[in-house]
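Below, chain A partners chain B and then partners chain C, in two separate complexes.
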Partner chain A sequence: MDDYANPWLHRLKWAYLLLVVLTLMAPVLYVMWISFNANGFGANAYDFTWKWYGLILSDAQLIGALRWTLALALVVTAITVPMALVAAKHYKATRNKLFPVFLLLAPLFVPPDILGSALLVSFKNANLAFVWLGDRLGTEAFDAWFRLSFLTAVIGLVIYTMPYAFVVILITMGRYRAEQTEAARACGANGWRAFRDIEFPQIRPGVLSACAFTVILVFNEYTRTSLLKGGFDTFTTVLISQMLNTGMSGQSYAMSAMVSFVAIAVIGTIILVTLIRSEALAREARAKAEPVMS
Partner chain B sequence: MLDRTAAPAVEVRGLTKTYGPVTALRDVSVSIAAGEYFVLLGPSGGGKTTLLRAIGGFHRPTAGEILLHGKEVGHLPPDKRPTTMVFQAYALFPHMSVAQNVGYGLKVAGLPKAQIADKVAQALEMVSLSPFADRRPHELSGGQQQRVQLARAFVLDRDILLLDEPLAALDAQLRKDMCLELKHLQEKVGITFIHVTHNQEEAMTVADRIALIANGDLVEYGGARDIYRAPDKAFTAGFVGENNLLAGRVAGLSGDSVAVDVADARLRIDRRGLRVAEGQEVTLSIRSEAVRLSRDTGHLEGQSIAGTYTESVYLGLTTSHRVRLSDGTEMVAREISERDDAPAPGTPVVLSWAPGTARLHVE
Partner chain C sequence: MTAAASETVGGTRPAARPRASASEALGRWAFRLPLIFMLVFFALPMAMTVVFSLFERTMFWMEPGFTLFSYENFFFSARLTNFLESMKYSAIAVAICFVLGFPIAVFVRRSVPQVAQHRVILLFILPFMVSEIIRVFALRPVLQRNGLVNTTLQNLGIIDEPITALLYTHTGVVIGEVLSFLPFIVFSGFLAMEAVPKYIFEVCDDLGVGPWRRFVDVILPLAAPGIFAGSVFIFVNGLGVALLPNILGGAGAVNAGLIATQAITALDFPLAMAVSAIMMATLMALLWIGHRVFDLTRILTPLS
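The block that comes next holds the complex of A and B.
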């Protein structure tokens, strides 16, 4: 607040910010709230319980879905984030930025059901083509290449998450000065060494954020996953089919609350650790240098 | 002591660098002796940084050769060249301490930790930053940050140091102090310094030789005093020092001297062996501190010109007197500020100079 600002206006801005945060968090907090209700969703009475959390482990369908989703999230993150990092590096180095950024961000603007169904049709056609090719060559080796499966879900989710990871990494890279890479090269480091020693430590928070973001996006995604998943179920597909068919079970709310809590905790921890670490490093350096006057 | 008979540390032959339709450097050739403090001076966007970065391996030449100690290095990346570089700013590694910054190149080279620590301590001692070894770059002043860059370069024991506007981000007083410090450090370590700047005072302070680069061309190079006192090209005269540039026409030739008509005056000037013809348009340059202002007319014919006094500009140590010639050209006479009796604006005055002070330029 500057010296001439109206203190009430200042408080009003904070109240508005709080209201926005509460509005954003309200549905999540509500799910957390009812996940502890022994009487389930919609009941008049509220009796606190851990029961639903205890029952999660006994729900084979939910645990199976969680396992698949985790596997998808890890594989997609392992592919997306390095690809986004390389793309962001290329983008920073290129002179003509408009065309590459259009290509990289285009999937963001395609509605998920259109992109998902387009991929579905592509995979089906590719599968037909490979089966035909296999028949001609007398082999069944290609038959499963583009059958709907974990692989096709991974491809769909990589296309979906890549623009987000690219933007998150690019924002962090924006603060990085290319002179530092040149200085490292002038000190004898090759391109890879300069990246590893100088650039990466400075963009690491962005890369970690991109990883967390990708994991969360994969957990949240329904349309593309349900169209491309083949025979397995993911967390959101189970929840939504439950909701549409029989209504969500108590343990579904517990699982939703747990996943939300983990997502918030992961992002919050990254932000907190980054803040605390940079402050601690500065304090440590100041303490070491205390006796010297500049 | 600089030995110009030894093999040059840097030799640039016919270097051209283009970016699409833009030519940043055009057929530049220059030779820099080992142990020399060489300055690339010129206006912004002239190509001096491009030349420096091409020597350092950050730009691949479009045409031409770069030889370091006689070996062609045009194809080599920066980390494979016997050069190191000090950048204008922002080039310290912010996540490392001062000592880690200085020791980075040695770590990359794979030296043992104890040896790195010894060398880093020596390098920091050299730039008077030993007590700051554990600080982070953001906890240092601009001048200290640049000294860390110098230490990081010296510690590598490379014999060619490239400095890309190393003082540009510093304030005026600090820049002056750092200039002298750079010069003394170069004398101490005895390696070749190639320093890019657009600041002529900085260039004159540190340079053994200066090369003037503008519009992608190497305009002229030579000793710092020669460039200042006896510029060959009119552009150099206009860029270095405060020179009066007068446009004139050759009125006659007589042995080693030329008569040039400038603003209703006929000036006599040394021909300098240049090929000139009667009627040819030429330029004369006269340093402003060599021009004397007076109200009387008893001056050497051919070494003086009449005009109308317009104003004086007090600059502390010196005062610049501005005089308009009959053709509208404005001349400046700069004097040490001892008197306070400048003529009133509109007063007819005469500007004069010693024989041999004015120079003829034909390009």
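The block that comes next holds the complex of A and C.
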């Protein structure tokens, strides 16, 4: 019955697991493969080329879109991660956990098109209401508050990324022992100092992963961004409009492949760095523990 | 706002006694800020979909009023049939995801050493890190008539004619759903298996229980809340992600998300809101039933 009693069964299960990962990745890998073919998709001959990548980098519209996407990613991360951190602290401290956790995780369960259209209509109505209010008061100060813009896209994306950042930070916080904060407080540190000097260094990996997660989610998001953005384009909206208008060209394969390369490189680096750091920390901990144990 | 608030919370400025209590109060509110944000910008708009769905449609927008026209428009047209059809295919996708994905979660929990478990699960985040649109779009060249699957099968001599049912059909949508959402059943299954201690397997072995009974009578009941949450996630997204039927589906492959986006393109905003309200009602009903049957708060035990 035991897996280890039958090594072949154990290996078979591993093979299945890797096969599933590979299958999930297959479309992406296939796109990467096509993106280097000078003859594009479906051609009989395969000639390696960088041509399509050169075309992207000389595309002014695309570079502009990249800049907007980056700005969006940075602003959303700067809002989501501190909020998720505060929310996780609140969740740990509060006695009634059901309500906050429901509110913070619910966006996971709301499909992108539904959330996007609900926010779109709400923003438009809020904008109309504020314009009406402004007319009554003789001011135009509120007119731009909820007009579709960078701000509305940011709000939509903060809602989308919040559950992920919250869960990632909460999981790392689970390893932190609250007695350390109590000790710091007993030594005279105030709440902020105890957090900054004692707790934060220990949950930093979680916060950093939450940042990486948020950036990548914003970079990849299409539906909510395209519904809520103002008059600018992001990477994915350009990609999709190109694909829908002219079909998959060599350039769209190269664009998809490039985003995938970057995302995988970022995540790969994070995984490697955390692995190396955790190994180093474990070694250090073992070294410290040794004299006590002997 | 957060930065300013936390500065006050931190008491970087030495404050007199009455000021301290004011900053403490401010601090308490700073901790509630994320919840207030979610209430105002998430819960409120979702609740308002019900109100907006009752508004009258105008040429380009909507005006306050009370009419059930949008619901009539939804329930007495092909939209309802499409919606129910997409429910069926979404349920099929959930079942396939469960069969393919849950054993992986069990295997990782049972046979992979504790320290390495999270790393193995991280493998499934990798495809998830690539934009969903790119993954879905990339399925086209894979499933096409002359795509990867057909050419490989033909080269191997397994089929003579390319299979055309793979793309622009319900099958295509289900394939897309499975490939998009499979990692989620692995994640939620992995979390759910936290409720199944490892010694359970040894106990079952000692008692001579076969793998099937062990799965049905022991693992499944213990892991049920997590499995249910993962399944609801996949089911609802199968209903709501317009991209999947839009790119992979053919005639008749229309889900709620696509109905909503099409309504917005047609400037029929009340209809889009009605679809959103119906989706929210479906989600709430599923979560409520799940909570009554499985007590979903059990999933959160490892988190708190």
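In this section, the second predicted complex is superposed on the first by the 276 of 294 C-alpha atoms of A that agree within 3 Å, B and C clash if a C-alpha of one lies under 4 Å from a C-alpha of the other, contacts with A are read in each partner's own complex, and residues count from 1 in each chain.
As a convention for this text, a residue touches a chain if its C-beta (ideal position, glycine included) is under 8 Å from a C-beta of that chain, and two chains touch if they have at least 3 such contacts.
Everything quoted here is computed from the prediction, not taken from an experiment.
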Partner chain in contact with A:D197 - chain B first, chain C second, else both or neither: first
First, second, both or neither for A:L272, with chain B first and chain C second: neither
First, second, both or neither for A:A144, with chain B first and chain C second: neither
Which superposed partner A:R177 touches (first chain B, second chain C, both, neither): first
Of chain C and chain B, partner touching more chain A residues: C
Chain B versus chain C as contact partner of A:L12, first or second or both or neither: neither
Partner chain in contact with A:A186 - chain B first, chain C second, else both or neither: first
First (chain B), second (chain C), both or neither touched by A:I155: second
Touched partner set for A:K89, first chain B, second chain C, both or neither: second
Chain B and chain C footprints on chain A, overlapping residues: 190-191, 193
Complex contacts: residues of chain B adjacent to chain A: 56-58, 77-79, 83-85, 87-95, 97, 104-105, 108-109, 131-132, 134-136, 138-141, 144, 149, 152-153, 156, 162
Of all residues in chain C, those that touch chain A in their complex: 2-3, 6, 9-12, 27, 30-35, 37-39, 41-46, 48-49, 52, 61-62, 100-101, 103-104, 107-108, 110-111, 119-120, 122-127, 129-135, 137-142, 146, 148, 179, 182-183, 205, 211, 232-233, 236-237, 239-243, 256-258, 260-261, 264, 269, 272-273, 275-276, 279-280, 283, 287, 297, 300, 302-304
For the chain A and chain C complex, residues of the former touching the latter: 1-4, 10, 13, 16-17, 20-21, 23-28, 30-31, 34, 41-42, 82-84, 86-87, 89-93, 97-101, 103-104, 106-115, 117-122, 124-125, 155, 158-159, 162, 167, 170-171, 174, 190-193, 216, 219-223, 227, 236, 239-240, 243, 248, 256, 259-260, 263-264, 266-267, 271, 275
Complex contact set, residues of chain A against chain B: 177, 179-180, 182-191, 193, 197-198, 201-202, 281-282, 285-286, 288-289, 291-292, 294
